[in-house]
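After this come two complexes, each holding subunit A, first together with subunit B and then together with subunit C.
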Partner chain A sequence: MHIPDGILPLPVTGAGYAVTAVTTWYSVRRINQQEDPRRDVPKASLLTAAFFVASWIHVPVPPTSIHLVLNGLLGALLGYYAFPAILIGLFFQAVMFGHGGLTTLGINAMIMGLPAIVAHYIFRLRKARGGETQKKTGVFGFLAGVVAMGISVALFVVILLTNLPAEIDVVSEKAAIYALAIAHIPLIFIEGAITALVTTFLRRVRPGVLDGV
Partner chain B sequence: MKLLLDEYSGLDSPFHRWDPRYKIAGLIALVFAFSFIRDLRMVLAMAGATIIIYAISRLPASFLAHRLRYPSIFLVVIMLTLPFLSGSDVVATWGPLAVREEGLLAAILIAARFTCILTIGVVLLGTTPLLTNIKALRALGLPQIMADMALLTFRYLQEIGRHLRGLQTAMRLRGFRNRRLSFKGLRTLAWLSGSLLVYSYERSETIYQAMILRGYGNAPPRREFRGRPHDTYVLIVLIAVTAGFIIGDMMLGHHTAALLK
Partner chain C sequence: MRGKWYVLVALGVVALGLAAPLPVSAHGVNLEYTSDVTIEITARYDSGTPMADAQVTVYAPDDDTTPWLTGVCDEEGRFSFVPDTSMPGTWDVQVRLAGHGGIIHIPVGGGTTAADGVGGFTHLQIGLMSACVVWGAVGTALYFSRRRKA
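What follows is the complex of A and B.
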């Protein structure tokens, strides 16, 4: 789900960088408002590295397999560190493995990062009305995973297909958008299930991780 | 896991000697200009400029070929689909398949831009150690928290990667086979991810204490780079080339079909 270099025109990649710059600025500003902003940096960094590594885990979906994205879980656990974490993770993926690209780093961060922030707010709702329970952690974890991945897929498909530098007719374009979106539905639910299972696991094993950084 | 992007950063070339701050600014501007190009004559100029820049960098051709191996899968997909699906003017038929002009031009354009941008990216990141590049980004205005996070994330990627491989080996030894999609399998993979997160979280606590003991956050960052006049001249030349690509493409019409019409 990374858009590579060369496809998108300059105004779109430029707009992606602009949105990413503003969101990063806002996230860093919120982090700096904390009492000791540097205290959580190691925690956020190591969790970023762990998410990066966890994305190598493959889930079998016969006849193929998919890798985890986990941007909903990342948003749920990292809060305002989520967007900088995703930007850093995508930068390393682009420079190490050629996934994504340098000119599309902004737009890819936007596709993955904005839904992570939405997931952060959804997951916070588990504490509303009567406090946190194992069931509510699972339900809001699932919702955070599904919504984040759903928004990411929608952004990815629409941005990619509406910006191909070719004259694809409207009917073919719509058909391609629907086909790509439908192909991603299992991935969206697998992400939701994994997010729910990981959050309930963390609540049992190490609840402090769920309180965020 | 192979993280050897900067394995040739110790070579000697004008790009290796160039101040990383100027190099980032100049080459990033150039790749953005490449993403602006639509005229096929400018695509040829872009390919020429890319070859010259890569030759000057003295990086081995095999290094570039290795870096292009995985992303070129994307290129193959683009070349195999767009010429047959996009456009109305048929230029050739091949059995039931018709090659369309607009799709073919778009595929050539995307493939060329993709390869050139990736090659310049290899020069940018292959001629300077990655950690120096992160420090250069910091000097260019990247927030301190982002620079610290990037350095720490990079530092612990390999260690956490090793931990994951250890856990996966242990799972296999206990009979786990990741072949079918099932709830039990998903739960096991979720617990594997959760264990990685717990391990990282606990590890970060001792790392933070060690960092505090070494004075983390108490000293202003050192001034790492000192630009020379030569660095500025090279940047000016590169900015002129960048502007040349944008102006040239606009003067030639900024459309893909210009060459064949």
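What follows is the complex of A and C.
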């Protein structure tokens, strides 16, 4: 899911940085408007660590192998903290694992961070119409994970397909991109299941964690 | 098994017999050699899976924008090519498959060691670095969750 250096043309990576800068600014503004902006920092910090490590856990799906992203989970649990958390996690992944790159940090934050904000709004729907129940938390947690991962895969595919360089074999690269997208379909549901499991578990054990989101 | 060896020996004798009558008449010697360096690239994901059928683009040192050669990796993620040694410098080889990939910079003529963009860390090093980052995050969490003094 991480686009490395040298794959995309410079203007596209620049646009990615611009979108990420604006989104980070908006996220931080929303965080500052909260009553106590520091309250959710521990939660955000721990989930940043989870996000950072998740990309190291490979799930083999022939012909390739995929890794967990957890952006839906971060969005559901963190709200607007998710975007800065993902940005920091991606930075460390790029520097330490070589997953993604520094020039593409903006575009990768866009691919994984924007769907996290969508996941946040989906997860909030559990409170609508008659209040939150364990079942609704599970259902909307699942949807948050599925939709976030689905949008990420779609963004990844669209950005790559619209920026294919002329000198490579476009047909086989397109086929490879589609194959990779298909390999990610199981991951979409795995992410949904993980998000549902974690949110319902937290609601049972420490409901306070879900208060703010 | 033994029969096979006899066949081989017989073939060898026949080959020698064919080679022997060739005329060795000239006394002037004309020696030529070419020292082509074949560069073989192996492309793998960091999970160890070879990047089968990945697209390879080779850029010569004098032009970073127009590909000098394009090709495809084999099933094992291997690709080899012979660079033009009249163009010494750094040859850039890009490998990509479904939006994943990287660039390796290969010096031709002069140095012989190649280094790619990502440092070749061992699993232990990566584990240690990850542990540091995770501890940094846990430390941040602990710092912000401590009780505030009234």
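In this section, the second predicted complex is superposed on the first by the 174 of 213 C-alpha atoms of A that agree within 3 Å, B and C clash if a C-alpha of one lies under 4 Å from a C-alpha of the other, contacts with A are read in each partner's own complex, and residues count from 1 in each chain.
Everything that follows uses one rule, which is that a contact is a pair of C-beta atoms (placed from the backbone, for glycine too) under 8 Å apart; a residue touches a chain by one contact, two chains touch by 3 or more.
Predicted model only: the values in this text are computed from it and were never measured.
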{"item": "Which superposed partner A:Leu210 touches (first subunit B, second subunit C, both, neither)", "value": "neither"}
{"item": "A:Val69 touches, of subunit B and subunit C: first, second, both or neither?", "value": "neither"}
{"item": "Partner chain(s) touched by A:Leu180 [first = subunit B, second = subunit C, both, neither]", "value": "second"}
{"item": "Which superposed partner A:Phe91 touches (first subunit B, second subunit C, both, neither)", "value": "first"}
{"item": "Touched partner set for A:Met112, first subunit B, second subunit C, both or neither", "value": "neither"}
{"item": "Partner chain in contact with A:Phe156 - subunit B first, subunit C second, else both or neither", "value": "second"}
{"item": "Partner, of subunit C and subunit B, that touches more residues belonging to subunit A", "value": "B"}
{"item": "Touched partner set for A:Ala148, first subunit B, second subunit C, both or neither", "value": "neither"}
{"item": "Touching partner for A:Ser172 - first (subunit B), second (subunit C), both, neither", "value": "both"}
{"item": "Subunit B and subunit C contact sites that coincide on subunit A, given as residue numbers", "value": "4-7, 38, 41-43, 45-46, 48-49, 52-53, 56, 58, 60, 92, 96-99, 101, 167-168, 172"}
{"item": "Residues of subunit B that touch subunit A when the two form their complex", "value": "2-3, 5, 28, 31-32, 34-36, 38, 67-68, 70-71, 74, 82, 85-88, 102-103, 105-106, 109-118, 121, 124-125, 130, 143, 145-146, 148-150, 152-154, 156-157, 160-161, 163-164, 178-181, 183, 185-187, 189-194, 196-205, 207-208, 211, 216-217, 256"}
{"item": "Residues of subunit A defined as touching subunit B within the complex", "value": "4-10, 13-14, 24, 28, 31-32, 37-39, 41-54, 56-62, 68, 70, 73, 77, 81, 84-85, 87-89, 91-92, 94-99, 101-103, 164-168, 172, 190, 193-194, 197-198, 201-202, 205-206, 208-209"}
{"item": "Residues of subunit A touching subunit C in the complex", "value": "3-7, 38, 41-43, 45-46, 48-49, 52-53, 56, 58, 60, 63-65, 92, 96-99, 101, 156, 160, 167-169, 172-173, 176-177, 179-180"}
{"item": "Interface residues, subunit C side, partner subunit A - complex", "value": "45-47, 49, 52-53, 55, 57, 66-67, 70, 72, 94, 96-103, 117-119, 121, 126, 129-130, 133-134, 137-138, 140-142, 144-145"}
